[in-house]
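This report concerns only the one structure given below.
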Amino acid sequence: MQLEAVVRRLELEQLYTDYVHCLDMDQLERWPDFFTEDCFYRVTSAENFEAGMPLGLIHATSRNMLKDRVSALREANIYEPQRYRHLVSSIKIVGEHGDALDLVANFLVVRTMQEGDMTLFAAGRYLDQVSLTDDGWKFARKDVILDSRQIDTLLAIPL
Amino acid sequence: MQLEAVVRRLELEQLYTDYVHCLDMDQLERWPDFFTEDCFYRVTSAENFEAGMPLGLIHATSRNMLKDRVSALREANIYEPQRYRHLVSSIKIVGEHGDALDLVANFLVVRTMQEGDMTLFAAGRYLDQVSLTDDGWKFARKDVILDSRQIDTLLAIPL
Amino acid sequence: MQLEAVVRRLELEQLYTDYVHCLDMDQLERWPDFFTEDCFYRVTSAENFEAGMPLGLIHATSRNMLKDRVSALREANIYEPQRYRHLVSSIKIVGEHGDALDLVANFLVVRTMQEGDMTLFAAGRYLDQVSLTDDGWKFARKDVILDSRQIDTLLAIPL
């Protein structure tokens, strides 16, 4: 492995780091910027993913759809006084084609309610494709594959 | 630290990454390949470990014993429709002797049942010795030291 | 990114790694050594942090105060037969001024009671300032910002 490969590895880890801090800080307006314009984003269960079911709990086929989703979340204005905390681990490059890379990573999201109750909110893996753009690495595709069949939330938040 | 040391660090992180994806994907048949032929593998509690108790919940002294364990698990065919998700953190080189390294790392395993219940399944640390073989880094020794006294499972799965 | 930047990144990750192993091994007497002599240390809730409340659940303005805290914890000798396990993720450099760096990182702490019960003990983020000293990187400032309002413990342990 040369320095170039090491640097790329750290840049990719940084992408996930920036991504989860954006979500955990509830800076959802910045969330679509982590994606390419014609991105694919989906939240689905491992069960449905393995069965080849195309749809998911959330499903978007462009960055604009992600922006719409954020607007909807903000307008709905459902007061869920809770905090989410992402732990990401075991990021791995599993494929490489041109400037695009396939990545997998494990995640765990812990939710803390205003009164202090903490729960395991979601666990699973990201199955992603990233592209190197003029503006750095972006997600061209992100499958959020939940270990559980569903998530307990009023509105489907970004994961 | 020179580039060589950086590359080695990333290779070791990669070893843990590959290891946990193998387990989380339930590709147990590949699991023994992460070990040397004359490996030592043990799952034990921190309490017993600190008391110097030699045995554990699981105990194997060769790669073949690990293969036997996988066969037993597959043949038992107990239908536990659950998924495991490993989070690994804080990998550290704590010793170095020739081509072998002593490592410690923290882990957390979350279990998701088919109906969606998520539980903290296991937490603790790996205390490992790895060797550089012709086929890359392998575990020559792995002590899985659980913070709890036992784990809640019908059959002792690899950790 | 040059090799120097890569090495620094790994050194900073190592700082967090050493820090959490120190805590998880209950080697609290070594804990103050991770800080500069005139350090600031605080454990607070995200709610209070965002409201600009200066105080916290724990509050110290020097390494000696941290040593006093450890002494108090040891002398109190409250027998809480439990183990803590830290998972740290998404370490990020968010600011740089001279030899000092601002860092943020996510953490999760799982507590295991003697009888085996495991609970989510704390989740949140570290907001830190580190300085490069003759003795390596040290925390000049550490804000432990909990997602919850409080932590369930008889005595406020280091986090």
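First chain written, first letter: the chains are A, B and C, and each begins at residue 1.
In this section, a contact is a pair of C-beta atoms (placed from the backbone, for glycine too) under 8 Å apart; a residue touches a chain by one contact, two chains touch by 3 or more.
Since the model is a prediction, treat every value here as computed from it, not as a measurement.
Participant: Where subunit A and subunit C touch, do the two copies share over half of their residue numbers, giving same, or under half, giving different?
Facilitator: Both copies, subunit A as well as subunit C, present different residues to each other, with under half of the numbers appearing on both sides.
Participant: Fitting the CA atoms of subunit B to subunit C, what rotation angle results, rounded to the nearest 5 degrees?
Facilitator: The best-fit rotation has an angle of 120 degrees.
Participant: Measuring centre to centre with CA averages, how many angstrom lie between subunit A and subunit C?
Facilitator: Taking the mean C-alpha position of each chain, the two centres sit 27 Å apart.
Participant: Residues of subunit C touching 2+ other chains?
Facilitator: 3, 6, 87, 89, 108, 120, in rising order.
Participant: Please output the residues of subunit A touching subunit C within their complex, sorted ascending.
Facilitator: So the residues of subunit A in touch with subunit C come to 3, 6-7, 10-11, 14, 16-18, 20-21, 24, 83, 85-89, 108, 110, 112, 114-116, 118-120.
Participant: Would you pull the subunit B residues touching subunit C in the complex into a rising list?
Facilitator: Spelled out, the residues of subunit B in touch with subunit C are 1-3, 6, 9, 46, 87, 89-92, 104, 106, 108, 120, 123-125, 147-150.
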